[in-house]
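What follows is a set of structures for review.
Shared between the two complexes below is chain A, which has chain B as its partner in the first and chain C in the second.
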Partner chain A sequence: MRLTSIVLGLFLSFIVGTASAEVVVVVSVQNPIESLSRAQLTDIYLGRLNRFPHGGAVTPMDQREGTTAHSTFYRDYLGQSPAQIKAHWSKLIFTGRGQPPRSVAGDSAMADTVAASPDVIGYLDSTYLGSVDEGDRLRVVAIE
Partner chain B sequence: MSGRLVSALVAVSLILVLSVQNAQAQLSDAPSLTLNGFGTLGIVHSDEDQAAVVSSIFARRGAGHSSDWSAEVDSRLGLQLTADLTPSLSSVVQVVSEQRYDGSYRPVVEWANVKFDATPDISLRLGRVVLPTFMSSEYRKVGYATPWVRPPQEVYRTIPVSSIDGIDASYRHRFGAMTNTLRATYGQTNAKFPYVDASGARATGEAESREGLTLGTHLEWRDVSLFAAYSQVRLTIEDFTPLFDIYRLYGPQGEAIADRYDIEDKRFETISLGASLDRGDWFVMGELAQTESRTFIADTRGWYVTGGYRLGSVTPYLTYARHRILSNTSTSGLSLPGTEELDAFLDGILSSQPQQTSVSLGVRWDFSRNMALKAQLDHINHDAGSHGFLVNSQPGFEPGGTVNLFSLALDFVF
Partner chain C sequence: MRATACGWWQLNSAYDKHAHSVSDDSAVVRRWLHRLVEPAWLFTIVALLVLAVIWGATLNLVTKEYAAADRTAAALVADSADTYEAQVVRALREIDTTLKLVHYSLGDRPAQAVLEELRDRDMLPPELLFTVSVADSGGDVIASTPEASPSQRNVADYDYFLRAHEDEGMVVGLPRRNQETGEWQLFFSRRAQAQAEGLTVIVAVSVHAGYFVSGYDPDVLGEGGILALLGSDGIFRVKRTGDELTMGAAVDYAAVISTNGTIGGPARVEVNPWDQTPRYTVARQLYEFPLAIVVGLSEAEHLAAARQSVRSYLWYAALASLLLLAVIALLGRLSWRLQRSQSRIMEERVAHARRVEYLAFHDNLTGLPNRAYFTRLLTQGMQQSRRYGKRLALLFLDLDRFKAINDSLGHDAGDELLQEVGLRLNGSVRESDIVARLGGDEFVILLPEITDASQVAVVADKILAAVSMPFTLVGQEFRITVSIGIALFPQDGEDEQTLMKHADVAMYHAKEQGKNNAQFYSEKLSVDSLERLALESSMRKALEHEEFRLFYQSKQDMLTGRVTGMEALLRWQHPDLGLIAPMQFIPLAEENGLIVPIGRWVFNTACRQNVEWQAQGFPPLSMAVNLSARQFLDDHLLQDIKSALDETGMAPELLELEITESMMMLDMPRTVRILKDLKRMGVRVAIDDFGTGYSSLSKLKEFPLDTIKIDGSFIQDLVNSAEDRSLTEAIIELGKGLGLTVVAEGVESIEQADYLRVHSCDQFQGFYINMPMPAAEFEVAMRQQIRRFEDTNPTD
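Showing the complex of A and B:
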């Protein structure tokens, strides 16, 4: 029974994986964090939470607006469209209370930026991690 | 706080903002300067030609009487410079150009303040700061950030002032997945507005708000946002004093009427509540605001509910709103020989107060990354005797009727 569900799960994830690009959340290996809840990730990326659960400061990093990674990340993890995210930050920017995450161009630049600091959290295309071995400097964070 | 101190604060904010440019050249990471802007290009059509629709009491020209269509109701442009000086010190200057009391578009310094973050969760702001009366106060002028062409008048019109000179403290607290922000704001402001005086001539009045205190709390939990605020301010509008000085000539009875209705250092209180639920593909939000004062600006209650459904880049939305007067909408005045005209004038002011219900149907189209196009139909139903929020009503205007508006707006941010 259990084996059946594992096989089924693998099969399903394979279908989902091929149907659309998948984006994974990453931190530096210097950062002890292994998992975050969806709500925590949402709060970090919407500027409501400025600390990791273990207490360290967090700086979210974005990919460029208009890229597949950007729209996929916000759709899959936050359930929001790029226009909604833009409207959210338009509220915060014009309160003088916050600025949206800084952005980098592409997966490789994201990997470098995240690896350089334990405070930074970012996201990149899962196929990138398949083609480049970043295991010694990046950790994929499980989002529950 | 004196006007001079405020000018000094504005100057300091500007200097801080500008000085970052030099620092920035040396250190790429530390201080940063950000320029952001927002604006709306909008036109409105009104089918009521005997009175005008304006966006706030501070504007004098609108759609209706002088022209069916007006681009002056919703159009505005705002620029904001944010300087992050150190991780805990920042400064914001925001300048807005929109139609003013005198019909000009001279830019106004909306905000100019210095913010100090004592901790990541406690911050103090000094200077010209936002007046956070309502849930969307901080971005009420940023059309892009709101679903509507303009915030529902039934709530946002009750306190048209959007910034004050003073101090603001906020404390953010997290418990579990909830974030709560408590805020206290204290300060004062003067605001000029156009009106038509007893002789029917155009005039400019000035409202002075002193000892203004606003306490608010904003709770965010997943898709839910809850807001509550209480404000009180001592309000004076000297332009209306002469009217009541005449009443005072008639002894204790006249004094009583003047004390009940004049606006001389009167306490003006506002309570507002708001809630929103945003599920991504649909949202619903609502606010209620109630004001109370012993002035001829009646005790009021306004509320609205807005719901919208996001179909990709297109968001149809529907708003239902109501505004009514809780205090008397008529007075017999003194009813003495010789006061008939005065009594009728005061009664006229009270009975024409805004009481209305409106239904607005609109659609927002996010056609480009930083731009949204909106179209909105408003059907406004005035209660018997009321002029609603219309201004400049002509002799042919019939109170208690209906008005239909059609608005198009292009909102942008950068």
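Showing the complex of A and C:
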């Protein structure tokens, strides 16, 4: 019983560990963008940049604060903690200079939202792409 | 002596002082101005001025810096307060708008559905910061977006919930910490009607507390500034200083608000009561909300930059001051050195001028005043005496036999002697008396302020005694004497020249009186001295004019009466004064040096005469010639004799030189040397006037002599004086004992001749035989004598 629970615990932690480690940035396949620099991605998500390098308007989309995808994304791609992000947007909102990205609940909602508009950029757990084939409507953007 | 010299200097400087005091007051001003441009003053003044400029400018700059910083801070805080107020009011209105929107959207629909719909329509504030919720009258949260955290599912004990039931408008709740996230939140609420959930619900918006102070810009407010939202209840909803957030602290609201808050007015420095920090503070009550904003800028922090630059100004000023002082000090030192070296050069010049002046007025051998200075002093003394009706005495001194000493011992010894004499003279007179050296061995002494002549005589005696004390020169003891002539002012001369001349005349008289004595001047002496002067000048011409004559006196053998030789005696046939005896002019010739050429003439003439007589058939007769002291010590003596012998062809052994005892004793080693040289030439030497000197008889044998001549003074009293007789006998015995020929001089009677013959004297001369006579007469007398001798002593 105890052994079984330990083995199960290890298994679960493995899944969770691998799942939390991988967040990918996605756009609609209608969007010609294939890669972004880390600085461009950062600027887009911090509200400093509202157009793609090719000139199209960009609307960043967040996952809900407190989710693994949210914290992993900001940690891995922007190198910032959720608290820092919150402080950043606090200041921008308070001084009236911007609004944070809207958020969606979960990967599938994110996939739908991104796929629906060529302007939207979002992120989701790589395991979601492994389990659901979204190749015909989403493209993973390489972040260099 | 020195005192008098100093007095003369002081006289001059006193005169200068008097001249200065006459000048007017402008000289004082000029002297001050002159002093101001002296390097020490000038450098100090320049340094002080530049320092004043440096520090004045620096302090001005500091004041301006602080004033600028103060203005900047006040304006900055006022600006920030305006901005902050606008931001806060907008944020609050947005929240209130949200509350109202929810309130009116509720209707009779379920609250959660309404919130989700509003959210999806993007009509709620961002979920990232804001949570919108609806609670029922029991405090249970019936709707929330995002989802309420578990600890906030019932808000019955939250103050915003309770107060919302009472207040009409928006309630600003107290800050609370979310138990799950640990995040401080601010709450805003409104009462609303919701049919679906019962009668009354409370709509609330909670927001991250830091939201209201996220406008804190460290670039503007620094680390010590303040940005705060203060409730009118005196409780800080949120307060931020640097990165530090404080929620819920309480202060005296009225006190904070009363002092501040005028819109557009500059901020003033206040010590904030919550952390006791002085800040430029603006606290302003909001118009529509029960809140006030507080904006502050730490004075210490804001002025730090100003202080920093002030500090660097002060440092620069201090450095500049130091540099300036160093440069000034360097310049000052250089100029001081320059000045010092200049003043040293000046001092050297003055010292040199003094030295030159001193040398010009002093004799460099003895340090005594010289003739020029003495003349001045004498003139001054005479003026003083005349003014106060006093007398003064002038003593003219001349050392006896000094020339002989100088010639025999050399000039160094002579100089030493003069110095010693100068010291002794100074020691013999009072401080106020003046001793001076005129040159050579001539000294003068001025005795001012004398009452009668006897005083002078006492001083003169003292001088005579002092000078006659023995001297030690070149390791030998010597005695020297001085002859003093005294002239008194005013009776012996009204002017300096006359007085000097008369003292000189008196001195010559003292010489004539046998030396080593002092003589007062009298009219009669002046006449004598005129003769003497005439004599001296005519003597110089006498040689050229052939006025000198040689007289001859024969010498006879005591026993046989045969003529053995003759003595040549000098006479001066003066055209005006007639025949002058050697006594009268030889001392003069000794002094002026004419004795040497005269002596040369005597040698030549005597030798020529002797040779001539030989040629006429006279037997070989000796020829005696007297030498004076000066002649004897003359370096050319031997040469002169040799050339006389060579020129005339006279046999040397016939020439006999007569020298006096005292001459021999002057410098014995030299005498012996000269005598030996003469001997080598074959010339005979006789010691003349023997017995009058005080030569040691034992020394006599050291001299290579041939003849002793007994002085005539012994012979004169021979018959009457037993003492002279015994002395004469002793001399004869001594001479015989030394193998010398003994000759008696001045024999005048047959008794004397007989006595001498009895006592084995060899030869004699004197009036008993013949007087000294000219060559022609002598020749006749000689022929008679020779004939007589041949008659009495037939050869065959």
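The working rule: the second predicted complex is superposed on the first by the 124 of 144 C-alpha atoms of A that agree within 3 Å, B and C clash if a C-alpha of one lies under 4 Å from a C-alpha of the other, contacts with A are read in each partner's own complex, and residues count from 1 in each chain.
Criterion: a contact is a pair of C-beta atoms (placed from the backbone, for glycine too) under 8 Å apart; a residue touches a chain by one contact, two chains touch by 3 or more.
In this text the structure is predicted, and so the values were computed from the model without any measurement.
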| task | For A:D76, select first, second, both or neither according to whether it touches chain B, chain C, the two together, or no partner. | result | neither
| Contacts of A:E22 with chain B and chain C, given as first, second, both or neither | neither
| query | Can A:D112 be said to touch chain B (first), chain C (second), both, or neither? | reply | neither
| task | Could you look at A:K86 and tell me whether it touches chain B, chain C, both or neither (first, second, both, neither)? | result | both
| In the superposed arrangement, does A:R64 touch chain B (first), chain C (second), both or neither? | second
| message | Between chain B and chain C, whom does A:P100 touch in the aligned arrangement: first, second, both, or neither? | response | second
| query | Is A:R51 contacted by the first partner chain B, the second partner chain C, both or neither? | reply | first
| task | Give the label of whichever partner, chain B or chain C, reaches more residues of chain A. | result | B
| query | In the superposed view, which residues of chain A touch chain B and also chain C? | reply | 65, 86-87, 90-91, 93-96, 99
| task | Mind listing the chain A positions that touch chain B in their complex? | result | 37, 39-40, 42-43, 48-51, 65-66, 79-84, 86-87, 90-91, 93-97, 99
| request: Give every residue of chain C touching chain A within the complex, in rising order. | output: 87, 90-91, 122, 125-129, 146, 208, 210-212, 214-215
| message | Considering only the defined contacts, which chain A positions touch chain C in the complex? | response | 62, 64-65, 85-87, 89-91, 93-96, 99-100, 102-103
| message | List the residues on chain B that touch chain A in their complex, please. | response | 34, 36, 38, 78, 80, 82, 84, 90, 92, 94, 111, 113, 115, 120, 125, 130, 138-139, 142, 144-145, 174, 177, 179, 220, 222, 280, 310, 312-313, 366, 369-370, 372, 413
